[in-house]
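Pasting the structures here.
Here come two complexes built around chain A, the first alongside chain B, the second alongside chain C.
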Partner chain A sequence: MAGSLVLVDEYSISSGASSFIIGGGSAGSSTYNYSMDSTYNVYMLQFQDVYMDTDGSKARIRFTKTSDNSADSTSNYDRASLQMYTNQAFYDSASTNQSYIDSLALGTTNPESYLGTIYCFNFPNASEYSFITRELINTTNTPETAGIMGGAVLTVAQATNGIQFFADSGNIDSGEFKLYGLKK
Partner chain B sequence: MALKTLEQFTAEAQTEIDAKKTANGGDGMFAQVNNVRREFTDAEYDQAVKDSAASKLDSQDNDYKRNRQAEYPSIPDQLDDIYHNGVAGWKATIKTTKDKYPKPS
Partner chain C sequence: MATNLQFIKSETITSPVSTLDITDVFSANYDVYQITANGLSTAGSTTYCAAKLINSSGSVLSDGSYDDAYLSLKTNATYGESRNVGITYWQEFFGDADGGAEGSAGANYIFNPFNTAYTFNLRQTFHAQGGLYRAYKGIGVYKQTTSCTGIHLMFTELSQDVTGGTISVYGVK
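And now, the complex of A and B:
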């Protein structure tokens, strides 16, 4: 069906910073000031060309709270994924009660970057947890190529309205982000 | 070397993050908000300290597991190892990786 994806926010990093928010209302990095709300049941975030200014650092994510647009940094994120490497055995990776959703280490150029799609479920629902599923292709700083499939949940019943990307060290130097609503 | 506590890592991270603040002569940490690049607020710097300390603790406690996981042969290769070299041979293979990445204590 044509026109089922509606672009609601987009941002391209032009100068490095430690923290970016896609969606997130007035805290968002773009001028759209878009807040994920019940206009759409599901949101899809696509991003590419994400790399860092510090070799081996990571671009982690958190969800932003609708109540004040700030990132929820409580230790309530659980995640699980299958990491599929081209040059080593696949393995499962999981964690509970972390204050962020982790990613693999990145490099400082496009060939050591990551890209992918995150689907956001239940974000505007104040009485349910916020979930994501994600599919990534990642070339680490080593460099090793890995595909990641998995999901994560913020186990707090609250409305969330965006996704924060933040560097565990240094800055995120590059990235293009597009947030779509999936038309009901 | 003794394992460090979260409090010790927090103190380390506090020193590192304080040095990054432009007020202290550092390069600063920045957020991009509404298409404007601005320096972290005090609350965001405080969060960066917590994040850095948590990362350091996680790295200390779990890097050896991740390194081992990445280096162990695949399950089919391990089964092949057992078939050809017996359990003793397989244990020797696994021990190589365990010794390379010892559990911190």
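And now, the complex of A and C:
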């Protein structure tokens, strides 16, 4: 039986950049030019080895708009997550009306990187908000290791087609990304 | 990895339903299943998306053998915990559906539904409901050794039908 996780985009960072896009149609950073569309109901992004060129900076995310493939930077992102630290009390982290979905600070080498899985829901549906759930493992520049679980929403009824990762300072120096559609 | 998730069945809701049976999806072929929901919505106000199991005779299992626990991660308020023992369904299995651009979605796992062991689930959902946004992370168990072949979704707690959405079931090899 054929598998139902269909690889639709993949990208490995070969040189640092302040931002890049997985999916996102013609704005995508790979050569696939894949746009998340209704071919699949649910998409899954797996990534690893994401670290920065500036110690303590963050790799934040936004969703890209199907209308023009650009990242939506409006202040309409809400998120909630549980951060499970190995060395301290767990921490509830949430925010509303942000212009991005935040992450923890990262370092400049693999041991201070993050990885995880993001599920994308409703992205192609122009009449629904775009949701994600995410499970991450993050070792910060401190270093502290935390598991992060939770979700986020872009409260704009529009079609979205990709995920932009961007640095709050400097560049993202490393990362490997694979985007899958779940066959329906 | 691409060969390890195998599509079994999908159901798309196109007209109002208070329940949805997804039958003949669990079998001896797999021990672990992923069940996804996307775009669960209503025509108006919110409804809870709960679940029960269906046995191999096609009967919905409604005895008080369901336990669950979940954390409600709220974007705008203190997080909440919910714990239930001996109830007749898994609460908010796919969160809370709602109308307009809101609604619910999730990617859950079900373990051992077909063999004669307890049936467990792991849940990871997100919903937008009445201007509130919640991620749920939870677990559930059905404490009987019944062989189950399907799942019964129920949207009846708040008397609001679900009018849209797609549920898909995959086997994990």
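The rule is short, and it goes like this: the second predicted complex is superposed on the first by the 182 of 184 C-alpha atoms of A that agree within 3 Å, B and C clash if a C-alpha of one lies under 4 Å from a C-alpha of the other, contacts with A are read in each partner's own complex, and residues count from 1 in each chain.
Here is the rule we use: a contact is a pair of C-beta atoms (placed from the backbone, for glycine too) under 8 Å apart; a residue touches a chain by one contact, two chains touch by 3 or more.
The structure presented is a predicted model; accordingly, all values stated were derived computationally and were not measured.
Looking at the shared chain after the overlay, A:Asn33 reaches chain B, while chain C stays out of its contact range. Within the superposed three-chain model, A:Asn110 lies out of touch with both chain B and chain C [touch as defined at top].
Taking chain A as the reference, the larger set of touched residues comes from C, when chain B and chain C are compared.
Of the two partner chains placed by superposition, only chain C is touched by A:Glu135; chain B is not. In the overlay built on the shared chain, the residue A:Ser127 is in contact with chain C alone; chain B does not reach it. With the contact threshold set out at the top, not one residue of chain A is in contact with chain B in one structure and with chain C in the other. Remark: chain A residues 1-7, 41-42, 44, 78-82, 92, 94-96, 119, 121-122, 125, 127-129, 131-133, 135, 149-153, 155, 157, 180, 182-184 touch chain C in the complex. Residues of chain A touching chain B in their complex: 11, 13, 15-21, 26-31, 33, 73, 85, 88-91, 98-100, 166, 168-169, 171. Chain B contributes residues 29-35, 37, 40, 44, 47-48, 50-52, 54-55, 69-75, 77 to its touches with chain A in the complex. Across the interface of their complex, chain A is touched by residues 1-7, 10, 36, 38-39, 41, 71, 73-76, 78-79, 100-103, 105-107, 124-128, 133-135, 137, 166, 168, 170 of chain C.
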